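Order of writing sets the labels: A, B, C and D. Residues in every chain begin at 1.
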Amino acid sequence: MTMTTRLATLAEDPTFKWWMRTPAATEFGKDTDSMYMWLWWFCVAWFVLLMGLMCWWVVKYRRRPGKIAQASTSHNTPLEIAWTIVPTLFLVYIFFRGFSGYLDTMVAPAGAIDMDLIGKKWSWELKYPKGAVASETAVIGQQQVPVWYIPAGKAIRLKMVSNDVIHAFWVPDFRVKQDVMPNRYTSVWFKVAEPSGQKRMPEVAPGSFDATSKVKVALSGVPYEDHWVFCAEYCGDMHSEMAAIIRVIPESAWNKWLEAAGEGSLTPEQLGELMWKTQCASCHTVNGDKNTGPTWKDLYGSEVALSNGSTVLACDDFIRESIVNPQATIVKGYEGVVMPSFAQLSNERINGIIAYMRSISAKGGDDTPCNKSEKK
Amino acid sequence: MTTLDPHSHPGKGAATRWMQYVHGHHWRSQAEEFDGCKLGFWLFLTTEVLLFGGIFCAYAIFRTLYPQAWAEGSHALNWKIGAFNTAVLLISSYTMAASIYAIQTNQQKRAQLNLIVTFLCGLLFVGIKFALEYVPKWSGYFLVWDPALHHHTASIIEGKTALFGLFQYVDGYGGKRPGALFDHPFAVDPHVPLWWAVYYCGTAIHAAHVLIGMALIARVYFKSRNGDYGPTYYAGVEITGLYWHLVDLIWIFLFPLLYLVH
Amino acid sequence: MAHHAPASNTDFNELDPHGAGSHGQHASHVIVSPLQLRAVLAILLFFTFLTVGFAWAEQWAVDTFHITLPWWVNVYGAMSIAVVKALFVMAIFMQLKYDNPMNSILMAFTFAALAVFITFTGIDLFNRDAVIAWKAGPVQPGGTGNLVSYPYGPPAAADTNVVDAAKQRHLKKLEERLGSPQAAMLEFERQRAENSHAAHDSHADHTVNTASRSRPRVGRTDALDSGTSPAAPAAPGHH
Amino acid sequence: MSGHEHHHGSYLTSKGSLFTNIVDWATTVDHKKIGVMYLFAILFMFFLGGIAAIAVRLELVHPVREKVVLTVSGPLVAPVMNPSTLTTGDGRTFELEPGKHMVRWTEKDGTEVRQGDTLTIPAGKKVEVLDMKGKPLAVDGKEVSGTFAAETRTAPPTAGVKVTSVVSGQLLPKVFGKTDASIAEGNNIYNRFFTMHGAIMVFMVIVPSIPASLGNIFLPIMLGAKDVAFPRLNLLSWYIYVLGSIFAVVSLLATGVDTGWTFYTPYSSTTDPHHWRVVFMVLAAFILGFSSILTGLNFIVTVHKLRAPGMGWFDMPLFVWAVYSSGVIQVLATPVIGITLLLLVFERVFDIGIFDPAKGGDPVLYQHFFWFYSHPVVYVMILPGMGIISDVLAVHSQKKIFGYRAIAFSSLGIAGVSFIVWGHHMFSSMSEVASTVFSALTFLVAIPTAIKVFNWISTLYKGSIALTTPMVYVLIFLFLFSIGGLTGLPLGTLSTDLHLHDSYFVVAHFHYVMMGGTIMALMAGLHHWWPKMFGKMYNERWATIAALIVFVGFNVTFFTQFFLGTRGMPRRYASYPDEFAILHQVSTVGSLLLLVGFVIHALVFAQSLMAGRKAPKNPWGGLTLEWLADSPPSEHNFDHEPIVTHGPYDFDTTVPPHWDPKDYPIPAENLARAKADAH
């Protein structure tokens, strides 16, 4: 069966939408879908056959008092051989079809665009070409998750590595999943069709973080499709919040966006807020609530009690050290919480975080204790 | 090979409790019970082999991944100690088998003597392992009678001794510990701590088995003095022997893997 | 005791079905003669000597004839000898030879399970990047502008830190004792020499022998240490 | 061998005071008493694991853990985020700087504001400027206010909003009195609960369930033996089971562990760093392994050595075959989990690094170690269940089992193949080569399993089928296990597994196999042998009703999870996107139905024990040896050693023991046919 006919069959299959929320967004995913639906009908056939016989015989041969079952054969070699061989042949076919789909899923085509993906407790960090930053976020529950722009019709390969424990990168709409390991690289690739305008997930709340005008222009009026990214390997407290959204846009728009979305287009506070939303929000709040880590609200410029009994002024240096080498000082009450190092963040980004923390601190004004100490 | 006639050996002396032995009520005969015990124990031995299988698997995988570390680690072991300990265990295996022979032929004193020798061999094995290998490698303290000490004369720190002068500290020798505990200053390959992890896990679990085996031997020794075992009933000695031989068997593989194959 | 013990231990029930299991007799009460036991002990000790000698011979061949034996000679040799020794222990000391064959079958299954365990684990760990070459065509550089990078150094390779840290700690200790860093370094080198000499007074040279040089390091992406990409295929692929 | 005086009374008969009774049970070496103790211990752990399951399901009723809704309740105050220019009422401009200035403005009351979000003030909106302390800023004694020229962003508001609703989804934290739990803390409680559910159900319920309870009681009787080969070892293994369970409960009482029952490294070796809870739970699994090994070993020797006269290997009931096969797996696989868990304990206590990538070890090596045991053990769980089905099916349809040898050999075949398929748990973490090899081998397991199902259904043909509760459970088993088995196909297929791996599809699949298979078979066996074990009949009507409720509840609970999985719901998620909410809620309703079903079962059993009708010796007309014994059997099972003269399933030619031939008129043609077959 050619691919087209397979797809045609899928579209006509009324049960397809029970199983999959939408058709797969990738080519290999469509093959996976057709494999799945083939298996589904294969299973239905066997199940109906077996259960049908079972129910029929249970009714037909129900016990009648005083009557003993007639002797009937208790084995039948040809029958037994047949029902060994026939399923075996099916299984061989299933294996090879699955294997061929697997190869398509695993092997990235030539000319794919490479991007890095780093998984850590509990966020994803995608590295675009040219240092571009996707500045939008969406909300799942209370959680901010990043929105990644991905060009349609281009093969993308993600090279993935984890910063701490094992994570797994899963995009259900792409039908692909791959573990992200702390000690070696793994990769996934996908090529998504042009956005059809068809919705693939409920509208995500528009991130209130508006990009600067250049980015806005690049993206205005552009059709897009969204796809969830999940972490599929259990990784701890915020495992279920370790999500992202892939927003597929036409390639031309993506190229424009890439140009526009350099980090220079954001103020330090904006950059810092973006970093918080995409990297830090799973552990730190900005509204004063306690979470895995201390809240950032009013942190900047305040005296922080440390676990070793001393106190320290939350100034730029302290914040920088806490980002780069989190285990150097532990804030009182957060002993036993192991924050991963974010030493990979660029200087601009760290400065941005500091600026953002300052902007949300009551002590962040001109006359902060930090400024005083600097003046000394 | 002769098959024993249980009636040809009337008990000698007072210690003939074995003649009164009555097999478990649910067994059809004593021979069946003996066979069953052995089958059960062999099943248990298979679990022991597979328990060590984990160690062997880790060894094989990491040796292939990090051959340099494995070579470096292997070189830090003294093959002479390993070979000597191998001989000790082999001899103890022989004495264990000999004690079964003695019981089968109702030579109680000879059997007990062999059991004592087996026990002492086990003790020697564990003692050597502990005093000449673990302690110096872990901490840098050498037993003062350790012949290896003279290789390190220049690094001895005079006066730094432990346990009433029984152990002498050698600077820079110790710290060969697993994983994060590693503290040996002269390591080259970054994966050497992993080698020590496999070494310590393998040999320590083996040493624990030697100790368990010794406890079993002590048990059958005392039961034997009590006259519990004789030509028609010696299942306890037999399965203790099987356990002891298995301990030997594991060591037969651990020795070349750790000390020789580099 | 209320139950009825058979009159004699050798009673054999005609209806007993276990003939198939034990060949109609209980082969348990076998006496292995001391002579045989001693012979086996002698063989085992001889093989122990042999396996040590075998390890020596490899180095001796390098030193004397400059012949480097392939890596597997030593490994397979030592393992074969170990297998022979194990067979002797099992057959005679543990009496498998005279025992119910069921027990031998059991052992055979056990070793088969062990072999399956190690082999199949190896199929994964030794083939991790086996398909990278055909998996990846030439890939357009992206990400940080280079190929995949591991920008914050290799935290996964903290293992080097353990080894280095041990070295630094020792140097610091020596410095405290001897007063100056120079003296500490000298003493460190001296101790290192003594240490390696002491460890290798036996059969092996300080250099790593063929067994270790023989295999490429696989299973862990090199790039994690070097900071360069693993996936840039040496020879651009096809597909 | 003390304590073996011959009693003609039932093994349950009371011997004296309460104290002597307790001592008698605690020191008994009678396989039946040990089996009963196992049965109740396992049912208790099933109860604990079930509580955890219900807790997990209730927590998942709400999609998100916490959704705080803020609404505007007054003038909003917020720091500005970017430098901006304010035009005051008198036309002057004022420069605002982030970190220096806050602004106050009004929005309509009740407008929703997302917590933590920045706000945008449209151009032209009237605002007042404050300093960072919230005091109105005065320039030249005049408070500054005006409008922005361009739209301006501010940080989240510091005043002017109030929490109007905290959407629940914090059920478990609330139960534990933590009303102000953060998302992470709430998730953590959920994670501990699903770990508790998994660890208890796997290590303490399903693995020992059938072999240690029903196997212990009936394997020796079915063989015509007086006891298992090593009765004292049997008691020891029960105590080891209790010890292991105590370790697990200690770790649970210390609020449990959050590793998942699989203890994957490096998560399990780094989580919860300053506590011993994980070590306790791991040691519990390690200790329970010993119990499992000893039970398996005991059964293997019993089968080899203690069969009744006349009982050859192919005269054994299929339940015995199945328990024997699972014993082989227990003995060969369990030691590997032993060393794995031991190394994990060393990893946590000594940081040895074998499984820790930070120390050069390999986390996937742990997965190999773990699944080398844990995959075969899946068959330890299901094989005895299959054995029960074979026996119960034959008895309640009074029909010779179809393809006896095929079923027996397929048990051994499954046991053998189970050792070479473990990699299918790791398709997304292994090398591609290994994935391919393991996928191909995985399909091998489908063949013997399919053969068994075909044989069972063929057995119904021309039978005399009575729809008793055990038989109803057999049919439920066939229904659920077929679904469980067939849904294994997309999981073994490489391309579809990449989508379904670690999703709710997997959760549904293994619940169909483990619960729909093993637990339903356990229920079948429990009802089938209940009269024999306790000498009392149970209430057939209520038991059947409960069985149907369980059947419906089970499908509602778990079939929905197949849809969740294919639609993209990952497993072990404490919260999830709203679109999965309805399916999760349906699933939770199903789990409550299941609870109702099992509660009715418990009541039926309790009623039977207290006031049940006395059971006849052979209520169902079984031919295997246990139906020869009394109900309940005497201490030594049989008065005389039974001699086996007919096969376990020769229903067409044999009048069941203790039955009146008048009630069982064997057609002459059956006998003639048997005679012809014999020649």
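Brief remarks follow.
In this section, contacts are C-beta pairs under 8 Å (C-beta built on N, C-alpha and C of every residue); 3 or more make two chains touch, one makes a residue touch a chain.
Quick caveat: nothing in here was measured; it's all calculated off a predicted structure.
Shared contact partners of chain B and chain D are C. Simply put, of C-D and B-C, more C-beta pairs touch at B-C. Distance between Cα centroids is largest for the pairing of chain B with A.
Distance between chain C and chain D, defined via averaged C-alpha coordinates, is recorded as 37 Å.
In this assembly, the C-alpha centroid of chain A lies 40 Å from the C-alpha centroid of chain C. Each chain gets a centre from the mean of its Cα atoms; for chain B and chain C, those two points are 19 Å apart. With centres taken as mean Cα positions, chain B sits 52 Å from chain A.
Touching two or more other chains at once are residues 1, 4, 304-305, 332-333, 336, 353, 357-360, 362, 364-365, 369, 432, 636 of chain D. Residue positions of chain C touching 2 or more other chains: 1, 3, 13, 16, 18, 102, 109-110, 113, 117, 121, 125, 128, 131, 135, 155-157, 159, 162, 219-220. Residue numbers of chain B whose C-beta contacts span two or more other chains: 22, 25, 28, 32, 35, 39, 43, 46, 49-50, 53, 57, 61, 65-66, 179-180, 190-191, 193-194. Listed in rising order, the residues of chain D touching chain C in the complex are 1, 4-6, 304-305, 307, 309-313, 332-333, 336, 353, 357-360, 362, 364-365, 368-369, 372, 419-420, 422-423, 426, 430-434, 437-438, 636, 643.
Contacts from chain B toward chain C in the complex involve residues 1-4, 6, 22-23, 25, 28-32, 34-35, 38-39, 42-43, 45-46, 49-50, 53, 56-57, 60-61, 64-68, 70-72, 75-76, 78-80, 83, 86-87, 90-91, 93-94, 96-98, 101, 104-105, 148, 151-152, 154-155, 171-173, 175, 179-180, 182-194, 232, 241-242, 245-246, 248-249, 252-253, 255-257, 260-262.
Put simply, chain B touches chain D in their complex at residues 22, 24-28, 32, 35-37, 39-40, 43-44, 46-55, 57-58, 61-62, 65-66, 69, 178-181, 190-191, 193-194, 197-198, 200-201, 205. Within the complex, the chain A residues that touch chain D are 18-21, 28-29, 31-32, 35-36, 39-40, 42-43, 46-47, 50-51, 53-54, 57-58, 61-64, 66-72, 74-75, 80, 83-84, 87-88, 91-92, 94-95, 97-102, 104-106, 139-144, 164-166, 168, 170, 172-173, 175-179, 181-183, 201-202, 205, 208-210, 228, 230-241, 267, 269-270, 273, 281-283, 285-287, 289-292, 335-336, 338, 355, 358-366. For chain C in complex with chain D, the residues that touch the partner chain are 1-3, 13, 15-18, 20-21, 102, 109-110, 113, 116-117, 120-121, 123-125, 127-131, 135, 155-159, 162, 219-220.
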